[in-house]
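Both of the next two complexes hold chain A, though its partner changes from chain B to chain C.
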Partner chain A sequence: MDHMTATPHRERSTLRRLREDWWIYLFLLPTVVGYGAYTVYPLVASWWYAFLDWPGFAMRGTFIGLANFKLLWHDDLFWNAFTNSLVFLIISVPLRVGLALALAIVLNRPSTPFRGLFRTLLFLPVVTTGAIVGVVFTLILDADGPVNLALVKTALIEEPVNFLGNAGTSLYSAIGVWVWKWLGITLIYWLAALQTIPHELYEAARIDGAGPWREFRYITLPLLVPFLLIITLIDMVGALNVFDLVMTLTGGGPAFSSEVIEVYIYRTAFQATVPQLGYASAAAVLFGLLTMVLAVLQAIGVRSVRRGMAAR
Partner chain B sequence: MSAGRDTHSVADARRRLSRRQLLGHAGGLALTAAALPALPGCTGSGTPRSRGASDGDDGPVTIQWWDQFRPLTELFENELFAPYSRQHPNVKVQRRQLDAPDLAQALQLARRSNQLPDVHSIAGLQTSAAALVATGWFQPIDEFVDLEGSPVGQYLYDGIHRFEGRVYTFPLFSGQWHDGTPWLNTALAEQAGVDPAEVALTWDAYRKVLRQLTTKTPDGVYGLLMPMQEPGYLGSRLSTFAQTAGAPGSIDWRTGEYVWASEPFFEAMEYLIALQRDGVIHPGSASMAPRDARARWAAGQGAVYMWGPWIIGGLLVAEPEAVERGIAAWRIPAPDANDRGFIHTEPASGPFWLSSQSQHPDVAADLMLQMTTDRFLTLLAGAMDQPPIQINLVEEADVHEAYRANVEFMRQDVRQAPVPQIRNPDVADVLVEMQDIHPNPGEIVQAVLTGSESNYRAALREYNDKLTAERDRAIKAARTKGAEVSIDDWVFENWDPANDYDQAKYAEL
Partner chain C sequence: MTVDTLTRQGSGRRSVRRQRSAPRQSPRRRIAATTSRWLIGTGLALLCAVWIYPFLWLVSASLKKPAEIFAKGLNLIPDSPIWENYVRAWSEVGFSSYFLNSVLITLGTVALVIFRSALAGYVLGRHDFIGKRLLIGILLVTFFLPEGYTIIPITQLTDRLGLLNSHLGVILGLGAGGQVAATLLYAGYFRAIPKDLEEAARIDGAGPLTIFFRIMLPLAWPITATVFILQFLYAWNAYLLPLVFTLSQPELRTLAVGMTAFVGEHDTDWSGMAAAAVLSLLPVVAVFIVLQRRFVESLAGAVKQ
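Here is the complex of A and B:
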């Protein structure tokens, strides 16, 4: 009896656990296999490829150590693409997050008319394929397109602007289109976040005489901070995945002005006279590392600001 | 080095002979021996060398076929695959047509996953065919069919179609073409008071007529469409205009030096800038790829679009009304109508290749051989893609008058240039070593026309210097790996720009 009561508390060996709970692992297997094959393997493989001289026409590459990284370090076009990706990230994420928050606050108010309609309209571009959006916007932003027509007719500009065909505007136009396309999903995140704030808090604030700004500043914003972090992170990941849109909008041009790192990698891996798979992988790895360094620096910065605020 | 690799790939192809093929060969041999007296000299007649499925092998065979020739879809389906399948009921052909860049990407991925189609073109793979042969992409076609005696046999070149004495491919299209023909929307020309029959032969006349086509047509219609999103297109425009101004191409074959930073290229760049300054280029051009520009041309947004001979064939598939409305071809203009430079191209490469991964190389090769008949080549001309290798067949073919006129212009304007890898196959090893230089001439034109570069002379000089240095480096690297190659392989002292550099010229070296 003593022995039996002691059994449930005893640590089971790994083998025994596997034998008894085999069905748990069976159900986990598809996910593990899928994740391993489509996430872990490509990740590890791209690290290995980065150390190879692998012309795309050959079946395999030869090990050349850090030579690809050394070449990349002196490749102006890599740094151009790197900078473009960072500019894209730095401008687009705050724009998308901020704009979506403003819209969510308006659309969360019961007094806003046609709330459902506006939410649907803003969400529609999200479910439209990126490449299709890109193709359509080449026509919309064309020098003869409706945007230019409207700007010229309203005398806001004298001459049509070639938004996508001008090296000075192409990247910013792509950012604008990307923000427009993905605004709806960030809006949904914010709406969900806003709906977690209890109404009683607003009622209490109003009884205490708080206006809309004070409600926002002292109730909404502090309670949204945890959501802000996760939404920003999601949008940042999204801003580094803009290949389909940029390829169809500008192809990275003109003159590499809108070439983000994904387009650079694609061009190096598939469009060069002799495609360089090792070099392209090294570019991906180096970009990943540099982004990671930036993310760590950002995290350290955020933590120190928080500590400073807590100390006050 | 390359010799070793070629021998290896040939040996691979031989090893891949299946028992069925072996029996086929043996059977074929027996049949040939039996029928020998009745055959009017088999060798050199363009006949299949193996039996396999093509001679009634009963197992089901599916041949995968990938290419980029959209205008040839109907021709291939109705005149090549269907008759072949009727003749060989066990053989089915599955064709995929992809744009050249997509095809290049798909081929690279397919090769690494052992899924290459049996027959494919190499459009979009910008490297030399010799480099692909050297890396084992293909197997020799003469293992299975006799091409030397076929109607295309006389057009086979070492280093382009024949490697290490083995034939890997054959030319189907003529090499006498360029992609800078001004194609005119005659309906718009008439609206603007321009006579389509009056060809603008000089750069000045061309500018003038483009201005007229811009100003005397309805709002939103421009003289010229120039797809600036595609640097390759712009590089080609720069090069063809420069050659009409006297440039020998990108290399002066008498010295072997790159000439991207020479006066004709500067003049061509000035000319492109002048066209833009005139306001004749469609303002949306900067965000157009070549196929977008063709669609805009078909929609009547531009009067002229400079492109290759395949435009009519493509329009007939996608926008036939644009052909019915009226299309004319003009001769590419030159600075001086009486002193025109020639446009230099290489001898036509093989559009189709037999994959080294093919499981049915005998059937695939036999299918490819069906394209070499006079009948098929005449039908090919009728499809109005690139003109066929026997370019005189265009005269007999049922083609649009504009297509016929363009072929005649190209006959006058295009000459065959020397090819270093024909002279020395080891040159291919250098080409494989060479890395791209950016910005390249097309990207420089793009930067100039979109306003992010003004000093094009310095940019072209820098490109020329870097390219020269890169070739020197690649030669050194290739030599280290065993290639017997030098800069002299790029020098052809007996080259005359006004004449084709043919087999006899190589023999003189």
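Here is the complex of A and C:
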């Protein structure tokens, strides 16, 4: 990392370095202990738990090999939750990233009035508590609630829809609320990305007679690709961490129609009469793997784009 | 605006000024630009109105009678504001103690994260030591670890430590691990500070602790402010961990957990529910409005890295 500073230390022996740098390790102590216990240990322990039959925190688990994974493989509810999480991700992320980009481009134009105010209002849901927003939206999306009233009044629908109480609409309603809640932060990311594009580029393009579309296509878009990958990754990880909202909106129901993986894990580990901690850990391990695969794919993407840009 | 410029600067000067700012624009193009400006403004205004409507509805519901909430359609103005809803949520339902729990847990988590990330960020950003690469590697690998993955071992660990039903248990659960972004923000900031500053202090005989607490940490206040904001949001809005940790201990519930418990226990007291929701959201919205600019800058800065 710091090659410049490393050179003068090179003559020191390892032992001497350790002895002289004692205070560095003192500074790291809180992080190493806390991080070790609350992040690294859980990361490793989950794998071990996944091989246990473990019916409660007060009990000891018994090693049962791959039995949990075998059971999971044939557990329709697990695959249902897995599919729901993927559907959630595949629909919500493009929606959030795309809508936020469109809004950011409009809000980035110097001629747009009240830019600061609009940005603040669109950002407001981001700071609110997901669990409380979830409870509030059970009222707002109720069959007698304001959304249905407005839709019926404007004749967009004939009959009120029970958005959250209907197996066909519950997951999509949760996706809608999630996009609404988190769009503002993606918008801020995009605005930050747009501000890295030098203004002179647009001026030059305008002198050459480029319209708004060609400006977007040939200047904005190519320069935004590295940001697109990072923002998509952040939003994808976000789309897998939706416990608070989904739990309070629908509890995963009705009939498991909106149950995502986290709700499945919570239900098997903490809500069942006999907690199945080993089984839930096996589900968690698969869930962690899914997240990691996504992150690695993105990292490869970012790297190849960076290399492509450097080569140009 | 036109009137304003007229009175202040006189018409002659004004026309000169306008010519200079837009030398090549024909009047027709200017009109087209103004029209599109207003169209975009109106569109955005409508969108924002829809966007924050849930909050307006919530505040309105918190001041209505329970029956009035759904009976009055889209009308947001209550017959007469019923402040009693707030009193009921605050004292009878127990939101006063939930509120206190949320404040304690949030402040504890924020302090813990600032303390450990500032210390670690300082040595990671400015010093070379054995094990540095390994540490950075571990931090990066676990950056995106989902909460649903770690909750079972963390609960088990907290249970073993005997902290499962205490504020400290929740604070450690939220702040002791994770939060890599805070450490990296500090490291990035400290890396950019010139070296001579420390050298001078070292020649004057200051030890590492003095240098850090007297010189470096005060210098890093913008990062401390950023980390404060991000962690405040994170801890105040946390749900899964406080929920699991307080399952058997209702008096330790935070606002987010208390809210969902309230729904189970008083499922038709909608106005009490709305008042409780307003009370829970108020602090975080207030912090946001006061520190708005910094909020946006912190988040934007995080993605640029």
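Note that the second predicted complex is superposed on the first by the 276 of 312 C-alpha atoms of A that agree within 3 Å, B and C clash if a C-alpha of one lies under 4 Å from a C-alpha of the other, contacts with A are read in each partner's own complex, and residues count from 1 in each chain.
Simple rule for what comes next: a residue touches a chain if its C-beta (ideal position, glycine included) is under 8 Å from a C-beta of that chain, and two chains touch if they have at least 3 such contacts.
Remember, predicted model here, so these are calculated numbers, not experimental data.
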Partners on chain A (chain B, chain C) - clash or fit: clash
Partner chain(s) touched by A:Gly176 [first = chain B, second = chain C, both, neither]: neither
Chain B versus chain C, judged by how many residues of chain A each one touches: C
First, second, both or neither for A:Phe114, with chain B first and chain C second: second
First, second, both or neither for A:Gly145, with chain B first and chain C second: both
First (chain B), second (chain C), both or neither touched by A:Phe270: both
Chain B versus chain C as contact partner of A:Ala255, first or second or both or neither: first
Contacts of A:Phe57 with chain B and chain C, given as first, second, both or neither: both
Colliding stretch - chain B into chain C, listed as 289-297, 307-315, 361-369 or 451-459: 289-297
Common interface positions of chain A, toward chain B and toward chain C: 57, 138, 142, 144-145, 270
Chain A residues within the chain B interface of the complex: 55-59, 77, 138, 141-145, 160, 162, 164-168, 249-251, 253-257, 270-276
For the chain C and chain A complex, residues of the former touching the latter: 33, 36-38, 40-41, 44-45, 47-48, 51-55, 57-58, 61, 69-70, 73-74, 112, 115-117, 119-120, 122-123, 127-130, 132-133, 135-136, 138-139, 142-157, 159, 172-173, 175-178, 183, 207-209, 212, 233, 236-237, 239-240, 244, 247, 255-257, 259-260, 263, 270, 273-274, 277, 280-281, 284-285, 287-288, 292, 295-296, 299-301, 303-304
Chain B to chain A touching residues, read off their complex: 101, 104-105, 108, 111-112, 125-127, 131-132, 135-137, 220, 228-231, 282-289, 292, 301, 432, 434-436, 438-439, 443, 446-447, 449-453
Complex contact set, residues of chain A against chain C: 1-2, 5-6, 9, 14, 17-18, 21, 23-25, 27-28, 30-35, 37-43, 45-46, 49, 57, 106-107, 109, 111-114, 117-125, 127-133, 135-140, 142, 144-146, 149-150, 153, 180, 185, 188-189, 191-193, 196, 227, 230-231, 233-234, 237, 240-241, 243-244, 247-248, 261-262, 265-266, 269-270, 277, 280-281, 284-285, 287-288, 291-292, 295
